[in-house]
Structures are given as C-alpha cells and as structure tokens.
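These notes open a run of structures that come right after.
The two complexes that follow have subunit A in common; it is paired with subunit B in the first and with subunit C in the second.
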Partner chain A sequence: MSDDDIRIGVFICHCGTNIGGVLDISELTEYAKTLPNVVYSDANLYTCSEVGLSEIRNNIKDNNLNRVIVASCSPRTHEPLFRSTCQEAGLNPYLFEMVNIRDQDSWVHMKEPKKGTEKAKDLIRMGVYKASLLEPLEKMQVGIIPSAIVIGGGIAGMNSALNLANQGFNVSLIEKESELGGLLRYLNKLYPTNEDASNILETRNLVENHKKIDVYKSAVIEKIEGYVGNYKVVICQNKKTIEIEAGAIIVATGAIPLSPEGYYDYNGKTIISQLELEDILKKNELTANNITMIQCVGCRNEERKYCSNICCMTALKNAILIKEQNPDANVNIIFRDIQTQGVTYEAYYRIAREKGILFIKYVPEKPPVIKKDQIEVYNEFLNQVIGFPFDLVVLSMPLIANKDSEHLAKMLKVPLEENNFFLEAHVKLRPVDFATDGVFVCGSAHWPADISESISQSNAAASRASTILSKEMLEVEGSTAEVNSELCVGCEACIKMCPYSAIYKDEDTDIVVVNKVVCKGCGVCGASCPQNAITIHHFTSDQLIAEIVTYGGGE
Partner chain B sequence: MVFEPKILGFLCNWCSYAGADLAGVSRIQYPTNVRVIRVMCSGRIDPVFIAEAFINGIDGVLVLGCHLGDCHYISGNYEAELKMKMVSKSLSMINFSDRIRLDWVSAAEGNRFAQIVSDFTEHIRKLGPSPAKNKKLKKQIIDNLNAVKFALSDTRLRALVARQRELTTEGNVYGEIISNEEFEEILNNAIDNEIIRHEILEKIKNKGKSVPDIAKEIEVEPHKVLQHIVTLRARGLVDVDEINEEIPTFISIKEV
Partner chain C sequence: MEEKLKSVMVIGGGIAGIQASLDLAERGIKVEMIEKNACIGGRMAQLDKTFPTNDCSICILAPKLAECFRHPNITLHTLSEVKSLSGQVGNFNVKILKRARYVKEAQCINCGLCIEKCPMRIDDEFDMRLRKRRAIYIDYVQGVPSIMTIDRENCLFFTKNACRICEKVCEREAIDFDQKDEEINLNVGSIILATGYDIFDPHSIESLGYGRYPNVVTALEFERLICASGPFGGHLKRPSDKYEPKKLAFINCVGSRDIKNNPYCSSCCCMYTTKEAMIAYEHDNKIKTSIFYIDLRAAGKGFREYIQRGENEYAITYIKGKVAKILEDDQKNPLIIYEDINTSHVKQLKFDLVILATSMVPKKDALSLAKILGIEIDDYNFFKANSYQPQKSSKEGVFLCGTCREPMDIPNSVIDASGAAAKAAEVIMRV
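Moving on to the complex of A and B:
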C-alpha cells in the first residue's frame, strides 16, 4: 500500500429505529462498499455509543483507514465527537466527514422509505467523493498576553478596568482628558436613587490606587496593531510615545452631549440645557419658579433618528429635585413619549406625577414655541395651544457619538452604526462583543447609557474579555482561508470584503495574506476572488464540485 | 410516471442547515428530492458551482442562508445575494434562471425550510427535466451552460461583483459612487460580453476563422466581434492563425 492510497471507512448508524426503522441500512452498507476508495463499510446500532466509537477506532487501525465517514445524524451535533474519536486513533480529525441521513432524511421521509434510501445513497456517495479529497489540517495555537487595555476613563471604562484588575489581570486605562470620570464629573445626583454623583465618582480613587491598573491620562492613541490575544497599542502621552501590549481591548469612550446652540433660542441664561441645569442644582443656585423642560430636542428627527435613552429619566430627576426643594415651583415637562421602562423607573415617574409635575405631550410636527413671556405648545388631546409663563426653559439634549469614534473604529477595524456609535457583533446574542475577536464595547460609546446600564455593560465586557485573558493559549480552527500568492494579483477585493479584517497586505512583501488566527473560515473571500486565488480549507472548490458532479452524474 | 427532479441545496451551517435539522427533529415531512451540501456560509457558494450543477444534469438549485442581518459571519449572506444576482442574470440569458432560488431560513424555521423545499420541488417538477438532459438539445444547452460558467469564472466580472458594495457605497478610486442602476447596466453588459466571447471561442476552437465569418456565424456585428477578439487576444486565449489575402484568421489557443 502506498501512502497516497485513499482508504475510506463508512460507518452507517441505525440510530435505534430512528434511521434503521425507515431506511434500508443493509442496502446502504452494501452500496457504500461499491463506491471508489471505500475499503470498509458496516452498520452500527448506535455509532455514537462507546461500542460504535471503538469500532471506528479499531477499524482505523485494522484496516488502515485514512478517511472516516459516519452516516447518521447532524454534524452540527455529533461531528466534534467523531472527529475526536478519529484523533484518538491517530487520524487527523479533518479527514472525517459526516453524512446526515437522520435529521435530513429518515425523520423527514418517514413514509417514503424507498426514496429515502435512494437519497441516503446519493448523500453517502457525495460524502465519499468529498472525503477522497479531504486534506489533513492543523489547529494552530497562539499565546495570549494576559492583560487588557481599556480605552476611556468614564464610569464604564473605570468599572471594567476595576473588574478585570480585581480578577488579577493587569489593565492599562487610557484617558484622553487630564482626569478620569467622564460625563459623571458634571452630574449632580443620579436617578433613581438620587444619590450624589460624587459618591460614584469615588471609583476614580479605587482605579488610580489599584496596583494592577496603570492609568494613562492626557493620552492619545496613535496606532493599534495585532489580533486577539496579541494587541499592540501605541499611545502618546506628554509628547512621549508608549507601547502597550494586551490580549484584549475594551472600548469605553462614551459619548458627548449635543450642543444646545441654535435650538429653541438657547441663550444659556433663561433657556439652558439639562446639563447646565445639573450644574445649577449642584451649586444650589436655582432661583426660577416657573420651569419648563422640553424633551427630544435635536433627536428623534430626520437628522438623528434615535432616542437618546437617558433624557426622560434625567428630566424627571431634575424636576423631582426642584419640587423637593421648592414645592411651590411650577415644573412642566413637554414631551413626545415618556420612556420609563421597568419597575424602578416607572415608580420614579409616578413620584413625579404625585409631586404635581405637569406632563404635556407635543407632536414633532408642532413643536413648542418660546414667546417673550410664555411658552406655547399645541396639545393633540385638547386640540388647542396651551401657554405657560416661564422663568427658565430647560432643553433635553441627546448624547451624540464622540468626534474621534471614526478614527478609533478604523484603527480597531470595528464598525460604527449610522450615528457613529460603535456597532456590536449581534444586537441580541453578542451585545458587548465586536465581530473582531478580543475587542469589546460598553457604556455610551455603544449607545447612550445611564450609569446603571454602563456599569452592567462594563461588567459584561470585562467578563467577556476575561474569557480570553484567562486562557494560556488560544486554539484556532484549521479550516481557514489561504491565499495562493502565485495566483493573487493584489486586487484587495477580499481585504475589503472580509467581515473580520483577517486579510491584509504584507507591507514588506506586498503579498495578500490571511491571518489564520483571525479568519473564521466563512469562505466569502474564496467564493468571490476574481482570480480564484483563495483556498477555503475543508470546503475547497474541488471538494464541493466533487459533491456536485457525483450527485448530478450519479444516475 | 411523475418526474422526480434532482434538486441540489446549498445550506449554510448556522441558520438554514440548522433549520433543516429542526424540520427533522419536528418530523415535518417534505419531498425527498433535495440533496444538501453544507457550507459554513451562503457567501461561500461560488457562482461557478451553480453552473457546474446544471452542466451535470441537476434540475434545480436552492441556495439558503441566514436571514439578512442575521448572518453568523455578519455580511456573508449579503455577498451571497450579490453573487446570486450575477448568477441569475447570467442564467436568464439562456433561460435557466427559473431553476435557481435564493432564500433565507433561520435555525428556528424548520417549517419554513420544509415549505421552501416542497414549493421549489413542485416548481421544478412543473418546469420539467433540465434541457441539459434532453438528447436533442443537450449539445447546445451544455454549450450555453459552459458559456455561463466561462462568464462566472471571468476575472473582470467577479471583480465587479466582489467590489459591488464598495463601488455603490464608498465609490471607486476616484471617489465616484456608482448608482445601483448604473452598476446593474455595467454588470449586464459584462455578462453579455463574456457569453459572446465564449461563443466566439467555441467557434474557433479547432479551426481559424476570419472576423466576418465569425460575425456571420454568431450573428453579431463584425466590429463588435473584432473588439472581442482583441480582448481575448490580450487575455492570451486567442491568436492569429494565418493571414489569407491580408485577412487574418483567429484561433483559440487555450482550453477554457
């Protein structure tokens, strides 16, 4: 026997009566024996049982099998088991192929056993033709730098840094301003507990004094290189260039409030923003008696379609605080929709109503108008314009994305959504992950978030990052893409197309290369490559075309 | 006897294949005609695979991926959609586009998977067997399918589709954004040209012919044939065979 001989063993599973009760297993076993390169074929009652598995192991040795096919259930559930069985017997796990004759055959053709058996024959034959072309592949191992970089020193960034540091990982916290704290520094009290923001701001001391956290203030990120487990970030601090290495990066760059300039005759005195009101309340300098707040200023419109999430509760909080200080004050909130989801926030809204705060709904087509001595608003339910005298108008401005998000996103190779907030990998399933492995997001960088949301997200991001940092090595799938540099003309279509930024042009050699650690093996690049220069291992064009041809021509 | 079509299904691992498994777990019965090739992502399906399937006598091809926006690989199904559009345009030129279907099935949609397979099987049954299996038509049809395969393998055409999202959103190297309508027109022209070029290659496979002769045979204006010959020559597929009375004849010099 030469080394090149392909020796396929086909194991056909009865799965009790699940398959055996419908399909003719002995016919399939005999049929498999007639196929090219098949040197062994037999049936098992349950291939996945220890008996079945040891038959695979024994036959790999006894019959010198170098390809194994199991025709049974779905590779989505059982491929890992059979692959490791092959590996135990010394066969490269990528020389295993699975044929689904249960979930996609016997279970769905229960009343057509003959046709179902014919289908199973085709599927087994397709599997055999593919298996003949399978190549052994190696899983790569890469080391992981067990430390993290957190970008942004607001509450989200500080909290995720603390979380990781308390788990024992070294953390570098990078802040562009000269002090930590972010927007939290400008807040007076926090809803729904009305505690002082300064209490939470104490986190700064914990962070700055933590021996596992290095804080870099007034620092600008200049360059980000590398991939999961092995990132290198170059920052500039006081004209000094510092290089930091880390296994994971958390983006917690926050957001900024939209400037109220140009909205509703904003003047900074009688017409101010909600953030300016925070400051007045903090200093206990409020003198106004007739106060009206306008919600959704500059957002939920054509330019900014989104709801800023925090403004309803902020307005409620400040209105309540004013009423508590001065129960005789007239406080009105002109709103489009009040969003106070959940138990606590809804209770907070009730408190506001009980305190006599007036809520007046407006429609975006007819926004309130500020006149000399009163503010007028059209109310749909009354179908008339109502007017209130005012000493102070407070505009609830949305949070908007940081100006430098775009630059940072490019360096990190992660996407932004239409409003320039960072876009997670999956809105439901991977809310703090990026598609790029090893990079996570939390807080208002992702979406306007309040303190409690920022804290839960920052804990989530830290725990996601720790799933990487806590490993010594990262095992990388063998079935990835590979560029054939002989055929590649360097059009770079694949570089733009790869959703994981796994493909790059090597600056020294000018050759397009796939980073196997980052590649997920989806195969999109290979199917689109104008030059057919990309091989998608384990799903090569040759293997797939062999399946197509044998099905088509196998009458 | 009822015609039992041969249907090939390309299913992505994460959504549609899981949906097909769920149909099994739920014991939803559907016609036995489909054979499935599992790929990790619908974006893996090379347009050439579809042409290959029809050349090999398959009656209908189903391509199923995750719903748009739900791709396990973020944007693979969008790429699949663009590639399938190119396949569909090419196949429509030889009346084959009715035999493919691109659709989306989530991992939770066992019912939907079974429904799509049933509908598509019925649809192909009504269309009848692929003409590629008809003894009389076979040669012509396989020639046509090979022309489509030639087009779908063409570097320029593939580069166009690979760059479609970039060209229609970010713009080309000069920063010009091409509208979707404009892009479709460019794509249609490119497909048209490739199919004609393949036809020319077929005609001059074994014997050198002059431009007017080729033009007559394939019913295309001579100046257009000449342009195609120039292109094919530049690609190294055609060369001058001989020159008779100052009129050159051209011959195919490479198997395609």
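Moving on to the complex of A and C:
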C-alpha cells in the first residue's frame, strides 16, 4: 500500500473528566487533523460507550478509514473492545492502534494540564506514524485434542482424572509405580475427621473402572512434545513404547517425605519418623507410653528454609489417636509455630490440648536434645531446660520435591522454584496454571499439601484444563515473532530468554524457529537477538523507529 | 457442541465468584452471576497490595473484572440477592430480587457530572468510612459495571422528595427515579456460593480502645489509608493529626483464636500484617514495625521466606504474646501493654499508629442465605463443607468456594473457585 492510500481516523476520548478535565481535547482533535494520513478526527465523551463505538464503525465506512487510532485509556483493558469494533466494520483488527493519554498522561500530569496536552500531542503523533506502517495480521486457529494426560496417580492425579472423565473427557493417567494411590496408601487416618485413609483410597476403584480413563501403571515418561491443544507424550511401559496425544497435561507427581536418617539419632525403633508412627498405629502395634514428637526436623533451617505445611496437623492427628487409644499415655509435641490455619484445623488443635497433649515451644538456636533416658528442651517462657522421659521419639519430617521433578520440568519446559517444587504462572491469581499454556499443576508437586488441599487443587486443575479441552479450536495471537533465517546465526540467545518456551532450534538447518501457537508476542527474543534477525509483528523495528524519530522531531 | 446445557448460578462477585464464573464461561457453560453490591470486585478491590509478591491488588484484579463483564457466557446481575430456591440439582428455580439502581445501565457512561453536583455526603463503605461519597456514586473508580447507582437511603429525592440535581445535569438522561425493584426467576443446573466474609468489629474488645482512640485502626482501614486511590492519596498519615507515623504496631488475632470471640484462626493475618508493614516501609524507610503474634502461621509457598525478608529487610520485629491492653497518651499515641515472654514482665511500648488484624467473620446474612438454600452451616455460620471434597456443601448441586466456607487467602480462594467450577461442570455435564 502506498502512502497515499493510508487513511487514518483518530478518535480522542474525554473519558468523562478523567482526560477531558485535564487535557485540552479540542486542541488535540484539531492537532490530529494536521498529521500525515489523518483524514478524520473527532472527540467523544466516552469512546467505549455504544455511541463512541458506532461512530468508529460508521467512519470506517463513510470515510474509508483503513487505520483507526483511539487516544484514551489503556490497551490492557480496552484494546480488545476497539479491535473487535474495527473488525465488525470490516477492518483487520491489527490496523487499530491505541494511544494512552490517560494512565500515562492526564492521570500523572493532573496539575500541569498544558504540559500534559503537549505530551498528548507527542503521543498521538507517534501513534499516527506507527499506524501508517501497521500491517494486517491474521489470528491462527489450532485444533484441540479433547483429552487430557494426568501425570501421577496419587490422590491429586486420581481426583483430577475422575473429574475430567465425569465431565466427558478422555483421560490417560500415568503412574510410575505399579499401583495407584501415592502417599495416601501409607496413611492410617486422615485429619480432621479421623476418617480411614482406606475410604478415600477407594477413589482407585472409581478411576480404574471408569470407561473414560486409561490407566498406565509402571509407566515412565520418555518424551513430551507439542503445545497447547496438541501434546504428544511418549511413555515406556513393560518395555513397550506407547504414544499418547492430549490437549492438556496435569502434573500431579506429588512429593516425598525427607528421610529421617541422620536426624536426632534416628534408629527406626525408639526414634522414628511420623510416617513410621502412622504405620504402627495402622497395625495397632503401639506399645510406648511416653511419646514426644519433634516438629520441623530438617526444615525451617538454612538448608531448607520452608515450612512443610502438613506436619503440625499430622502430629496433632497421631497424638490425638494415641490419646484416644490410651488416655494415660504422655504425649508431648515440641514445636516452633503450630500451623493450624482456619476453622476446622484450629478446632483440632484445641481438641488436642483438651486431651492433655503437652505443647512445648522451642527456638531453633536451642533445639531439643535426646539423652539416654530423657529428651531435653529449652523453653523460653520458663527460661529453663525441661526434660521428659520417653520410650518413643517421633520426628516430623518435611515433604520434599520428587527427585525426578527436574527431569519432568525440562521435558515440559516449565519452571521449578528454589526447593524444586513446580512454579505456577502467578502465585496469586493463577495458582494451578503454568505460564506454558495447556499445562497445569496440583497437589504436593506444587507445594506440600494435605489430602483435602490436594483434592481442592486437583479439582481446580481439572477446571482449568477443561477450559481448553471444551473448545473445538483455539485462536492464537496474530502478533508473534518471526525469525529471518538469513540473518539468524543460531546463537540461541532468544531460546534462553523466551518465557513461553516458544522458540526451538531446527536440528537440520541450525537456525531457530518460532512456534507461532505458543508465542505470545512479548518481544523479549527480538530485544535479545544480536543479529536483529527477529521481527515482532505489530511491533516491528520500522514501526518503533518511526515513533521514536517523530518524537525527536524527525520525519 | 453440547446443546442446551443448563447454566450455573454463581452467587458473589468477589475474586472467588469471578474466577468460578470465568472458568465456567470459558468451559462453554452459561453463568448467571449474582452480586449484592452495585459493582463486582469484592474485598480484593479494597486491598492495596497482595502478598507474597506485593503486586498491586486492583491492577491484577481489574482485567478480570473487565473480562467478566464482557464475557458472552456471563450474565451479570448487580444489586441482586437470592430470595428463594426450589427444585433440585440439575433443575433449580431461583428467585432473585434486583434492587432498582435508578440509573439506566445502558445510558450511563460514568462521566461523573452527577457526582460533582450531588449535595449529599455519606460515609464511603468502600473506603472503610475514612472519607465521604455522594448519594449517587460508583463503589470505586475501577468498579465494574462502570456506571452510577443512587443510594435511596440517602438520596434527597427519596428521603425528602427534593433535589433531583443529578437528573438535571445528566446529559445522557440516564437518571430514572421511576425504576422499581424487580423479581427475576432463573432456572439453573447448579449453584456456586462465593459470598465472602465480613470483618470482625473490634469495638467489642474494649481493652484495645478501637473507636475511642483515633490512632487505632483495623487492617482493612490501613489498606485504604496507604492505597494510592485511598483517602490520603497514598501518603500514609495517621487519622488524629495527619502526622506521618514512624512507629507502627500490628496486633494479630484480634477476635481470632479467642474463645470469647472467634475461637478459629483467620488464616491470612500473619501474612497480611507482614505485607502491610513492608508496604509502609516502602513508603517511608524510617518506619519501624512491631508485630504481636501468638504463632506465626506462614505455611504457604514462599511464606516463611517472606516473614524472614520482613525481619531482615523491612525493620519488622516480631513479638510473641497477646496484647493485654492499649492506652493512649496526651498526644494520642497508642501505648501497648503486653507481657514480655522472655522476662515474664509486663511492658509498655509507645507507637504512632496501631493496626488491628481483625478476624474474618461470616457475612451477616450467611445464616438467612443458608436457610433459603437449605444448606448446613458450621458453629460460626460459615457454610459447611465436605472435609474431603471441600467445594461440596451439604446439598447436592450446591458448591462452595472462598471465605464463605472458611477464612482463606486469595490463592486458596482462586483454587477453591476453580475447584467449585469443576464440580459444577461435572453436575451440568451429567444432567
């Protein structure tokens, strides 16, 4: 398209008094008319109101506009609306450009309206120069395989699979061990209702008998390929290689308890772990009468700074069970902070105290010491060391990340946090999503979680996966990166920078390729490329330079 | 694809209700979203920042508000409450009362002319009564839907049959004093409750002096005090003399873990008091903070490290012990009387501003809503959840998420909300 054919319409928004109360809107409207290729300019009280939008639509038709600029608020909230308005009038949505004269101008320069108006002129001029160079782009459509792969057959994985299957999706559940159930298999009772763990473990039967769930046990994942809607996972089961396709993947690989070996003279007999106590209670073989539990063994220290979330409640549960069996038993819990958040867990803590379980706070500088016939601990309330005779010491060990998390994370191209738990997309608002579309996480793979938390999270992950699986097609962003193969030298700087793992190296040609389905057009690759080999569509170098040059007064 | 799917009703438009609605809508299921207030956003909209990333709260919430409003599968009913329920899972009939807004939703463009002219000055609930709003107003600047509402309790036309200035100045002719409350009947397959929480009123703990001492405020008031869109434009000042405080004290578990009030733990106060102290320090690095606590509960991802950062980098001192009493000196500085656990001596410390981490309590109308819906509640009026499917209520087809079932933080509310959406979708797809 030659320069003569470009017809830009500029719509300037008062945004009530937000912009109109500060900037001189009529001056801006007149100014816009003086800029190259601008054939129409007008102001609206609210461009996003139906009146404003129909004005855009009508002018695209009446004035043959082929570029539209709205100078108003922020593209974060309003670009989708204006783009679809352009599309309704037959204009490619990528021929729309937004200029932010509110958040970045009238709001910041409320007390200097003249300067604010001058700045708005600069911003509008820059938008006009960029708009002249805009190109139409197409959004790609990708088909979606309407089934899911769940990795890990513990309670989180089983429950996710069950929910998705009940929603009507086919699910492949992959478990590395020879049976389903994960850590739940080793538990005796569950807090806070002291329900038999075996009752919840019955989920196994529902999963194994569900006609929409294929269970692969003793299966090892060898390879993961693809992208949202189209993943391919290669597993090895009984020396056979099986290829499974799915639109979404849920990671539910759980965590493992830290081994008590080497902590507090652990001997497996008189000094045992909480998990071993669980087994003794399950078999009804407890004979000890003086029992002391130590919390935070091997965590909340220099090596492992975190709190493992579930150990306080587990200790309370086993202490209560012991007291219920044998009210004369002396049960002490040596703790740092009791983590019983919420209504039911705090009530459980109260029950434990009412049953006569003794709680003694310790400080990390003076941890408890196990002597021959008694355990001694310094208590800061009493400012003295107190001792208890014991015949059983129980160590509360934290859950730690699975050893194979690193390998799995690499195959999935998703990140881990410093303790090797999987790192979600946003800790506040996207707690079970990964930044990589179509991959989700739940249960202790994400962070130590108890049964009820794991079930909540697994329902959540199933919901998030269903938002993809229920669609026939997925529309992906048209503004993506493209590599000029003639300029690329294969240095891989962009591959390291890409937060979405959208770039890979073609083994045959030794140059990099962008997967347009995965690319979000963030531009990090373009900025990092030493060869200027990467173009970000809709933010091309030409477009950005035109903006900068005109800002500096050039043509 | 699937034809004639039943829709889901989501009651409550805070972050939990929003997340549940968006998940279902994206899943292809139609949502009837019921919000009691004039705008969605809930408590999260009132917060300044959020732990442990210290993200600006409204900045991460606003795009979700807009998405909810624009989503073709979501019908938003504001100013609406559930009045009755009949039927069963797969076929619930719900009667909704939609209060009149007295502003035509399609006409109002939020230009603000009416607000400027309205003569009334009423305590602004969104800003925790720390400033005044008008009788025609929008809950908060970024509120969605972004239109005005007339508060009939305070509007001069409704109280004294006078004024009507808003009607005269509105260029869009959007004001409509003839609007009437409406009854709407909806048929849905499943219901999700996301009605949130109220704040414990600390007036009842007289020893803390809240209400008597101006420089003793609640944590939610503090969020507004320090927020850029709050009454002081983001400059932390204390209420009595607008002095910029240098010594802050936070008291955790106010009304929580307290058998005289609420025996339960409110789950997120240890974290948000640390956050509020951090933000205060970021505003003014001369600020020193003491946080009085019983146990420091920080079991979530990165939470323990967050507390450590607070201690090491933000001049926060954590003091174990429950505060006995607050007094006030003649400069209106609060004096905290507490027992030093190391020496067992009673000590007194002077602060410029004291912030009470008041517990989350069930919504005032939780009990009546539970009765209407026929669901069980716990000892405190939180909706009773199944222990091992926490999004399930006692009634089939009715699901729970967020703080209406138990105090919890934002990530857990979001998890709960997506979880409830999955459970509701399971029901919808089965029928």
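Basically, the second predicted complex is superposed on the first by the 480 of 555 C-alpha atoms of A that agree within 3 Å, B and C clash if a C-alpha of one lies under 4 Å from a C-alpha of the other, contacts with A are read in each partner's own complex, and residues count from 1 in each chain.
The working rule: a contact is a pair of C-beta atoms (placed from the backbone, for glycine too) under 8 Å apart; a residue touches a chain by one contact, two chains touch by 3 or more.
Just so we're clear, the structure is a prediction, and the values are computed from it rather than from any experiment.
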First, second, both or neither for A:Glu406, with subunit B first and subunit C second: neither
Touching partner for A:Ala460 - first (subunit B), second (subunit C), both, neither: second
Touched partner set for A:Cys522, first subunit B, second subunit C, both or neither: first
Touched partner set for A:Ser541, first subunit B, second subunit C, both or neither: first
Partner chain(s) touched by A:Arg76 [first = subunit B, second = subunit C, both, neither]: both
Partner chain(s) touched by A:Glu202 [first = subunit B, second = subunit C, both, neither]: neither
Partner chain in contact with A:Cys307 - subunit B first, subunit C second, else both or neither: second
On subunit A, the residue positions that both subunit B and subunit C contact, one per complex: 76-77
Complex interface listing, subunit B residues touching subunit A: 6, 8, 13, 17-18, 20-21, 23-25, 27-30, 32, 35-41, 43-49, 52-53, 55-58, 72-76, 79, 83, 114, 153, 155-156, 158-159, 161-163, 165-166
Footprint of subunit C on subunit A - complex, ascending: 14, 16-17, 45-46, 49-50, 76-77, 80-81, 163, 166-168, 190, 192-193, 195, 200, 300, 305-309, 337-347, 350, 380-381, 383, 417, 421, 426-432, 446-447, 451-452, 455-457, 459-464, 466-467, 470-472
Footprint of subunit B on subunit A - complex, ascending: 74-77, 100, 102-105, 107-112, 115-116, 118-119, 122-123, 126, 425, 435, 479, 491, 493-494, 496-497, 499, 520-524, 526-532, 536, 539, 541, 544-545, 547-549, 551-553, 555
Subunit C - residues contacting subunit A, complex: 1, 15, 19, 23, 26-28, 50, 52-53, 55, 60, 62-64, 66, 70, 106, 109-113, 171, 257, 263-265, 267, 295-305, 308, 341-342, 344, 378, 380, 382, 387-391, 406-408, 410-412, 414-423, 425-426, 429-430
